[in-house]
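Same chain, two partners: subunit A is paired with subunit B first, then with subunit C.
So, the complex of A and B:
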């Protein structure tokens, strides 16, 4: 008798789980659908406002050069937020690793070097940058996981620390004179596709696979949803955290490489508004600041939406300050909308459960 | 005695003393009355900010919008008073800026309390909005001719010291404002039910709610109070600088947060004292102002601040982690 009841209970709870899963899928999907529609809407709106400028090949290609660096930063922000943390130091990491890479190239390539030598040094510079990113990420991860400093404060501090190191190295000046072969990464095209765009596509694909097809991704989502549960199911949360922040640092370093290649210089205080914008993209993409939810697809839609808005504003001659105002407002509006939608859904599901 | 020795305040005070001795032995200028007055003077605005940040952190939140609020209030106030060619007392400037700050703070509170959004994200968003609005619609140019009341207030010094080489250091009247703010907040946190409520929310939100604290009201108070303080700090800053610049306060928020955290306030909420905050602030100011006395170039400043934040937070975080492990061990064994 009791066995039967238990079985029944099991079946019931299993069904509820299935319900929850199906339900969850719809929420996530409707989020993405909504985001996709917003993106199309902004594109159409800007096209309607500036039909002679906005939908042109020139503008589309210049947008394709601009957004990748910052799309990659947004992915870096996202994976830190999946753990329930945040990474405010990404732009600091990007600039520091960019400066070290730029210095490597400037110092090791005398004038009139052979093509092979230049290529070799470029590869070395990339390795330097990647290593810097990983080390910075490891530092963040160690401080969060082993010392127990909350991620906000850790990365607030390391943002100052990394930028500070970059300023001390350069004494606050910019590093110029990168080899032409290197700036091809930031300004070149393969056929008609800008290289930064292709790099972004590659990273977006890699991280989609990592997050959804590997056990690492599964563990990451699980830890973000419930750290206690993941600990008791045998996941080493501390190691997971360190790995995640290292990945975030590595992504930031690659973004830094694109930045210095595109602007052909490296500077300690480049792109300070990117932190807020990366956070904005992640939140818009439906990444939950408390951890556990978020998809790369969402990041792609959100980053494109912001790029359309930003280019459109430029064409309408809005000032950069006005853009700051709009970014802040959009961030808050998106958060409030998500809250209201999730809240009303929760209420509905509660009622149906009764 | 052991209890006093192990408090965070004692530790910070010890570091301050050691640091002062080191700096003083390297450069005798440090211990002159003039330098000490300069240190105090540069701590006035940061001190008012720090008290506001303390309350937010004790309640378990974080606010990065206060410098944007202060810039908004001081610049708009100066512009409005100049526009009407206002000749009256500086009090009106304080009331105007304070009221504006209060409103902006309450906007923060609305997002935080009604929509339960993370405080960092809300204040990052509103900071961008406030400063963006200010620079896009109110103005970007520095105003150097202040309204009559404010420039008269700027000359109100309570103490003046002339050093041997003729450099005049003066302690401005607004240090009294800081002292008043400190005393009021200390009384508030220590002796009122509201203060208990702020600690309670930071310690355990759900428990505070069950215990009957009105979380919404307390949060509105906290962020409104921070806004009000920021508005006042903005006017003090303007009068001390004798001009109104819409951008030169922006970016200061991290130093202030670092000072409060160094002073022993825990970012997870529930812990923090006014005394600790003042000590932490003093430590940061000494570090900030004395790098030059030690012969360190000023571009080291960011790095030093980063290290300060990490050490300050790391020390408390590590201690909390260890004590919770100890607790665990004791309860198991």
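So, the complex of A and C:
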């Protein structure tokens, strides 16, 4: 009898908790909702300020070419952050693998090659790039998981290392002369959809499935939440970390492919500002830097928001410095509101727990 | 003329965000009185302490200290009135020496700009002389034992002119010997006219020490009286509101199926020459003080930290257990000692916590998680183990200690273990859940699982285990049948050196 009463009492106090919005997934989702609204707001704002330029097909399509390379890097950053780590070397991996792919194509496609030969070499170049990405990621993962160097130091080091290798290989110059068929990946459209956008959508979808529907994804979130408990639960943390950094490297390599296809050249120091921006996007997307929480949807919203901002500013002829200022400001606003809202909720639920 | 009572709390109520934590509480403590405050987890003990020490402001009611009435008691005022709380973590600085920890507060309070190390040392010496104990004052506090840390906290409190010392479950991490020493100190404080409010739910201690008992349940006074009015049964009844009967676990029938055989298992610095058998249907208790090697042994059996030498046979097969994955493959499960850091993913949902070790079995043919199978599994265990929650999507940190422990159990029972190792299965769990967990363990054993219970809760071991091993300094020093030994003997065996 009294057990029953106790149970009921406990359930009742939970209902109170529910009223107080202590449900974690609601908090998470309300972060996403807020981010979505901010994205829409920025879009509407830019449309209002430049109605004749911003909401046009031309502009939308131009944006759809610009953000995917960066968006894929942000997903790479996110999965590293889900483990509670970070991957600062992504742009280094992207450039190194891009250069190796470009060199493969330049060296193996002489003038006047047949179409089949060109396509074959393009596939080979993509494989080279993917393999480079995976190996670089494995290197990161090994250093983090087996040697035990903190991720931020490991990837800071490998960022320099990979970029250094790329500079040595190219002697600091750009690699030109990619076949036209290849640059289709960066500049072509299928019907009205830019190819880079489609690649981004495919990766976003794949990683949504990996994170939410596979045992790997579940383990990743759990390990990021509490690595000790995951070890005690029979998860092989080292293997998980290595796999994750390999995936991060692979994503970076694909981003590198889009970059060289779009710019029709490969360079060791392309997009150096992407690393920190990818980190900012991930944090803005609600990825917890301590690990365990974050969704691909959030990355999509955050990347689009920043793309709207930067395209809009271009049209308004703002200087690039001002752009950086506003990006930083938006990020801080999002983080501060999330913090205030979640913190006040936490306080309430903590007290009710007494 | 001084009043007889030092502190008188009348009709105090407090609620947090609509939840009533305390309701019309009265509490009087006389000068030089040792009073025990008892109650299950969440009954409002901590809130009451915080109100007396000024950390929380009550919604209504009156606090009278030394004849002065307070509606809002500020922490500084509480300290000035001589109220000192010794929390479970002692609030000490582990990287400073014992002397610094004892004396620095008073140095700071006097607003001195420069530290005179000689004076610090002499203040500290004087302070520990007052309670007549021996502590190495130059040792860094992090290297001292829990008992010494506690004594440091007490001496520090005395330097602040304490008139009432509140001790929040002070004996949790102490050995029997240290408990006795602490009680001596407490009684000497009493003779100096200092009152003690002793928070505990350990029956023996309460009966040993306290003159008066106040029991809270669900934020209300249930009873207040002389210790002599209580017996064990009454005490438990007032705390939980229900009668709990205790019985011994008996082996249904002798089984000759040896599930686990350990031979000469050793790990340098932790345990040596450990040999024992575990048969199907047995509940084997392993006990010993902190540092006796009991946890290290469990971790070695579960592959978390493999032994250096020795052999392990699982169902008569010589088995290498080098990783947790090996252990799980051999159907060994381990409910760890520290639920919060080792057992649970606090911010993740109850459901995810339950399935994490069995997720590979919940995949469909595309290797994706089958949400239907997953929900069936989660709901099955929530029902089976009576986990009280309105939703399995809630983060597991929202649950009470007892329900959290059920989630950890569910995670491991889902793996269908043959050998279940539980380390401190009911630490920080309310008495109701404790009985339920014991029941679950017994049922598992009756189904043929071999259970190992590691615990220092002596009644728990005596009632639930058919065999008990005692470890001391890394070795097994004794084996007893659950019914052939009394509480006193077992306690004595534990702390013998």
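Note that the second predicted complex is superposed on the first by the 331 of 354 C-alpha atoms of A that agree within 3 Å, B and C clash if a C-alpha of one lies under 4 Å from a C-alpha of the other, contacts with A are read in each partner's own complex, and residues count from 1 in each chain.
Rule of thumb we're sticking to: contacts are C-beta pairs under 8 Å (C-beta built on N, C-alpha and C of every residue); 3 or more make two chains touch, one makes a residue touch a chain.
This structure is a prediction, so every number in the text was calculated from the model and none was measured.
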First (subunit B), second (subunit C), both or neither touched by A:292: second
Partner chain(s) touched by A:41 [first = subunit B, second = subunit C, both, neither]: neither
Contacts of A:171 with subunit B and subunit C, given as first, second, both or neither: first
First, second, both or neither for A:222, with subunit B first and subunit C second: second
Subunit B versus subunit C as contact partner of A:150, first or second or both or neither: first
Partner chain(s) touched by A:184 [first = subunit B, second = subunit C, both, neither]: neither
List of subunit A residues in touch with subunit C within their complex: 1-3, 6-7, 9-11, 13-18, 20, 22-25, 209, 213-215, 218-219, 221-222, 225-226, 228-236, 292-293, 348-349, 351-354
Residues of subunit A touching subunit B in the complex: 86, 143, 147-150, 152-154, 156-165, 167-168, 171-172, 276, 279-280, 283, 289-290, 319, 321-329, 331-332, 335-336, 339-340
Contact set on subunit C toward subunit A in their complex: 16-19, 21, 42, 44, 46-47, 218, 240-242, 304, 323-325, 327-328, 334, 336, 341-349, 352, 355-357, 359-360, 362-363, 367-369, 386, 388-391, 393-395, 398, 400, 403, 411, 432
Residues of subunit B touching subunit A in the complex: 62, 111, 115-118, 120-122, 124-136, 140, 254, 257-258, 261, 267-268, 297, 299-307, 309-310, 313-314, 317-318, 320-321
